[in-house]
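Got a structure here, written out as C-alpha cells. Questions coming.
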Amino acid sequence: MKKLTENILYQVIKKRPEQSYKGTYGRVLIIGGTKQFGGAAIMNALASVHSGAGLVTVATDPSNFTALHSHLPEAMVVNFNDYLIPYIQSHDVILIGSGLGDRLDLVKTTFAAVSAKQIMIVDGSALTLVAANHLVWPTSRLIITPHQMEWQRVSDVPISQQTFEALNSSARAHFNVKPIVVLKQFHTQIYTDNGSFELTIGGPYQATGGMGDTLAGIIAGFVAQFSNTSLDDNVLAAVYIHSAIADELAQQSFVTLPTQISAKLPYFMKKYAN
Amino acid sequence: MKKLTENILYQVIKKRPEQSYKGTYGRVLIIGGTKQFGGAAIMNALASVHSGAGLVTVATDPSNFTALHSHLPEAMVVNFNDYLIPYIQSHDVILIGSGLGDRLDLVKTTFAAVSAKQIMIVDGSALTLVAANHLVWPTSRLIITPHQMEWQRVSDVPISQQTFEALNSSARAHFNVKPIVVLKQFHTQIYTDNGSFELTIGGPYQATGGMGDTLAGIIAGFVAQFSNTSLDDNVLAAVYIHSAIADELAQQSFVTLPTQISAKLPYFMKKYAN
Amino acid sequence: MKKLTENILYQVIKKRPEQSYKGTYGRVLIIGGTKQFGGAAIMNALASVHSGAGLVTVATDPSNFTALHSHLPEAMVVNFNDYLIPYIQSHDVILIGSGLGDRLDLVKTTFAAVSAKQIMIVDGSALTLVAANHLVWPTSRLIITPHQMEWQRVSDVPISQQTFEALNSSARAHFNVKPIVVLKQFHTQIYTDNGSFELTIGGPYQATGGMGDTLAGIIAGFVAQFSNTSLDDNVLAAVYIHSAIADELAQQSFVTLPTQISAKLPYFMKKYAN
Amino acid sequence: MKKLTENILYQVIKKRPEQSYKGTYGRVLIIGGTKQFGGAAIMNALASVHSGAGLVTVATDPSNFTALHSHLPEAMVVNFNDYLIPYIQSHDVILIGSGLGDRLDLVKTTFAAVSAKQIMIVDGSALTLVAANHLVWPTSRLIITPHQMEWQRVSDVPISQQTFEALNSSARAHFNVKPIVVLKQFHTQIYTDNGSFELTIGGPYQATGGMGDTLAGIIAGFVAQFSNTSLDDNVLAAVYIHSAIADELAQQSFVTLPTQISAKLPYFMKKYAN
C-alpha cells in the first residue's frame, strides 16, 4: 500500500488553460440533504464550488434552498422531489448520498438514469440504502466513500477483515464496474485498479460532523475539473488536500470545521498550480 | 479594436461630490432569479450595492427574499409575480435576465414599460427568451451582455462569423436603438457607437458559475451612479474592474468566486477615486 | 448652532460598571420591516446590538425572522401582526418606522400604548404616516429622525425655510412633548431643548440605502444603555459615531455599507470607554 | 469557595488521541428555540460545535432550521414537535431550555425519557417551567445554569439568602441527584459535590442577550467530548473559557457578542491542548 504524499497535489492541480469556460470545469449535480440533514448538501456544495467546479446544481429538499443560497449564491438548486432524470443525464459528475436519509427512491432513480460515461460519487446514507436494498450498481464510473461500517454493509466484509485482499475479492463480487473506494478511517485508504494508497496526514481535529460531506464535495470538484489527470489521481488529490488543509488549520485551531476547510480551498490549491 | 486599460477606471470612478444623496447615485431595479436560479439575482444585487448604487430593489421569486437579505439587508425586494410596472417606471436602471429561466412574461412586461430615458441591461436567460420569441427591442438606452452563443441567438450571426463588421450589420437590423454589446468570451469585447474595445486582462480562474451575474450587477451599479461620464465609458469601466479584481484575487486564489469579487469592489474602487 | 466634536463620544461612552446585567443596558423594541423592506429592521437591529443594547426584540413581518437570525441570533423576534401592546409597554426604548411601509395601524397602536417614561424613536415611513394622517404625537420622550422632505411633511415647514427658528416654532405647534429632531441632510442637524448642533463629519460614501436605518439603530442602542448621560447627549453621540465610523471606513472604501458600520461599532466604541 | 484559575483549562483541554472518531467526542441534542427565541438554540449550537462536540442535533421549531443552517451546516435538525423520544435516548448529552418559552410539554417529555447514564443540562426557560410546575427532576447526571432569580424559583431560596449553605440544604430537598449548579451572577459560582467555585474573570461587556445560551452550549460541548476528566471539571472549564474569551475580546471591543465568543473557541482552546 503506497503512502500518499504532497506530490499528488502537484500532479493534479494544474494552472488552467487561458482559453477555457465554466463548461471546461464540469457540471456537478449534488443529490442530498433531506429536511433534517440539509447541512450535508450545503457542505457538499461549498466544497465543490470552492475547489473550482465549473457549475454546481444541488438537488435537495426545497426547505434547504435558502440556507444553501445564504452560503453560496453561486450554486443552483432543484427540488429533489421533482422529475430529476434530465438533471442526472445532463451533468458530468453526480454526487449522491450526503444527508439523504431514507430516500431510496432517489438512489434508484439516479442509478437507473446515470450512464457509463458519467462519474458518480456515492456517499453517506446512499451507501447504506444500496446495501440494505441489494441495489445493483450502475455501470457509470464509480467512486464510493464509505466509513468502515458502511463498507462492511456494502461489501459484506466485516470490519475486522477489511484487508486489501478481502476488499478486492468483495468488490469483484458486488460491482459491475470496480469502483474507486475511499475507505474513511484512522488512516484513510483508497483502493483503485492501479493500486491501493494510504493517507498518513490529517488528525483527530477532523472528528466532527460534516467532515465527510466536505470530502465528497472536494472529490466532486476535482474529478469535474481536472480532466487531464486520471480519475484515480483526482480522487487521491482530493483526499490528500482535505486533510492537508485540516492540518494547516489545526496549527491554530483545536477543532477544524468543515466550512473552514472549504473556505481555505482556493488559497491552498493556488500553491500547487503551475 | 482598442484595448482597454486601467486608465478607464481613472476616467470613470470619481470622488463623489460632498453634497449628494442616495438619489444622486441612482435607483436600480433587478429583475431575475426564479426559485431555481435565485443565486443569480443575489449576485446581481451584491455587485450593484458594493459598487455604490444608491438604492437597489430586487424583483424576484419570493422564495429568494430571505437568502438575499441574509447577504444584503441593504437591498429592498418585490415579488416579481406582483404588478411590476410602477417599479419598472420609477427606477433609473433596469437589469433584467440573470437567472430568469423561462419567464418570458417578465421580459415582455419590462420591454413594454421601459421608457427611452431609462437604461436597461439585458442579461442571461432574457437574451435567449428575446431571440426565441422574436421580441421587439424597446427604445430605452440598452446594454446587452451575451455569451457568444446567446449573441448568436440574438443577432443571427453564427459564432464563427462574430466579427465586428458582422456584428454591426446584424445590430443594425435587429435593434431600434443600437445597444452597447458586452460579448463575453475569452477576451471579452465591447461594441459601442464610438468604437469597439477588447479586454486583455482576466483569466480562467473566473470560469465559475455566477461570474456573469456579478458583471451585470457591476454594470448596473456603474451606470446608475457615474452620470458625469458616458454610458459607454461606464460599461467599459465595469467590465474592466470585474476582471481587474479577479486578477488581484487570483494572485492568492486558484478560483475567484463571484461573491469575493463583489466584496472587494468598494476597496478596489477607492484606489481610483480622486 | 454648535458643531459636534469627537468630545461627545468621550462624554457619553463610559466604561461599564462591574456589577451590571443585561437589564442595565436597556430593552429595545424595534417595530419595522414589511415583507418588502425587511432589511431596514435587520439594519436597525444590527446597529442596536453592536452598539451594546442589553436586549433587542424585533417586531416585524414573520417573513423577515430567518434573515434577521441569519445575521443576528442575539435578537429576539415577534410577529408585528400579533397583539403588540404588552411588548410596547415592557420595553425601555421603542424604535418604530424603518421599512414600515404603509402600516399606519402599527404606528397608531404604538402611539396609544407608549407611556411618558419610555423613549420612542420615530424613523422613516412612520414619519410620513404620522404627517399624512395627522396623528397626535404621544407624550413619551421622543426622538425623530427625518430626512428634509419627511421633516417638511411632519412640521409643515418647507425645506427652503427649515431654519432653526421656523423649526422651533413649528415644533411647538405640533408636539405635546418637544422631540429631539435629527434632521438628516448634507450636514445633519440636531435640535434639542438645550440648543442645536451640527455634524461636520461624514461624507458622500454614506449615500447608500440603509444608512438611516443604521443610524436609528445606534440611537436606540445608545439611549437604552447610557442612562447616566442626558438623552440629548446620547443622541448627539450616536449621530457623531455613525459618521465617524464611516469616515474611518472611507479611508479604504469607496462606499461605506450600513452593515460594515454596525460591525465596526464595538471596536470603535472601545476607544472612548474609560 | 475556591477561585477558578486558568489552570482548569490545562487540566481539561487535552490533545485528542490520534485514533478517534466523531463518536468519541459525543452526540449532543439541543432542545430549544421557539419561533420567537430561535436565536437561543442557534447560539447553543454554535458554541457546542465550535467547542468540539462530535455531532450536534438541534430539536427546535422548524421555522429556525434555515437560520441555523445559514450559520452552521455542521448541525443536524429535528422538528421539536415531532416524536422526540428516540432522539433523547440516543444522545449522550441533552441541553434543554434556551429560548424554550412555555413549552412545558418538551420539558416533561425529556425528563421522562432521559436515563441515569446521560448528562442533561437545563437552562433558561426550562428552569422556570420546572419550578412553576413542580416537576420532579430526573435521575440523569444533571447540570443546571440558573440566573439568580431562576435559582430562587427552582430552589425556593430567596436571592438574599443564596449562600452556599442555604443552597446545599435546598438542593438536597429538591433533587434526587444533586446537580452541578452554575449560578450566573456578577461573579458566577459553581456548586458541585466536590466543593464550590467562584469565577473572578469576565466583565460587563458580556451583559448582552445570548451570553447564557452560549455558555450552555460550551458546557454541552465540553462534557460531550472530555470524557477523561470529571463532569465537575468540564463544567468549570467551560465556565472559565467563556469569560476568558470575552476578556480577550474586550481588549478591543466595547461589548462582546455571543457569536464572537463562539467563533473564537477553537483558536482559544488550541492554546491549552497538550
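When the chains are written out, they are named A, B, C and D in that same order, and each has its own residue count from 1.
Going forward, contacts are C-beta pairs under 8 Å (C-beta built on N, C-alpha and C of every residue); 3 or more make two chains touch, one makes a residue touch a chain.
In UniProt terms, the chains line up like this: A, B, C, D = ADP-dependent (S)-NAD(P)H-hydrate dehydratase.
A quick note: this is a predicted structure, and the numbers were derived from the prediction, not measured.
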item	value
For chain A placed onto chain B, the superposition rotation in degrees, Cα atoms, nearest 5	90
Chain whose average C-alpha position is farthest from chain D's own	B
Same-residue or different-residue interface between chain C and chain D, half as cut-off	different
Between chain C and chain B, distance of the C-alpha-averaged centres to the nearest whole Å	35
Contacts with 2+ other chains: residues of chain C	66-67, 70
Interfacial residue positions of chain B with respect to chain A in the complex	35-40, 42-43, 46, 63-64, 66-67, 70-71, 186, 203-205, 207-211, 250, 252-259
Residues of chain C that touch chain D when the two form their complex	13, 16-22, 24-25, 49-56, 62, 65-70, 72-78, 265-267, 269-270, 273
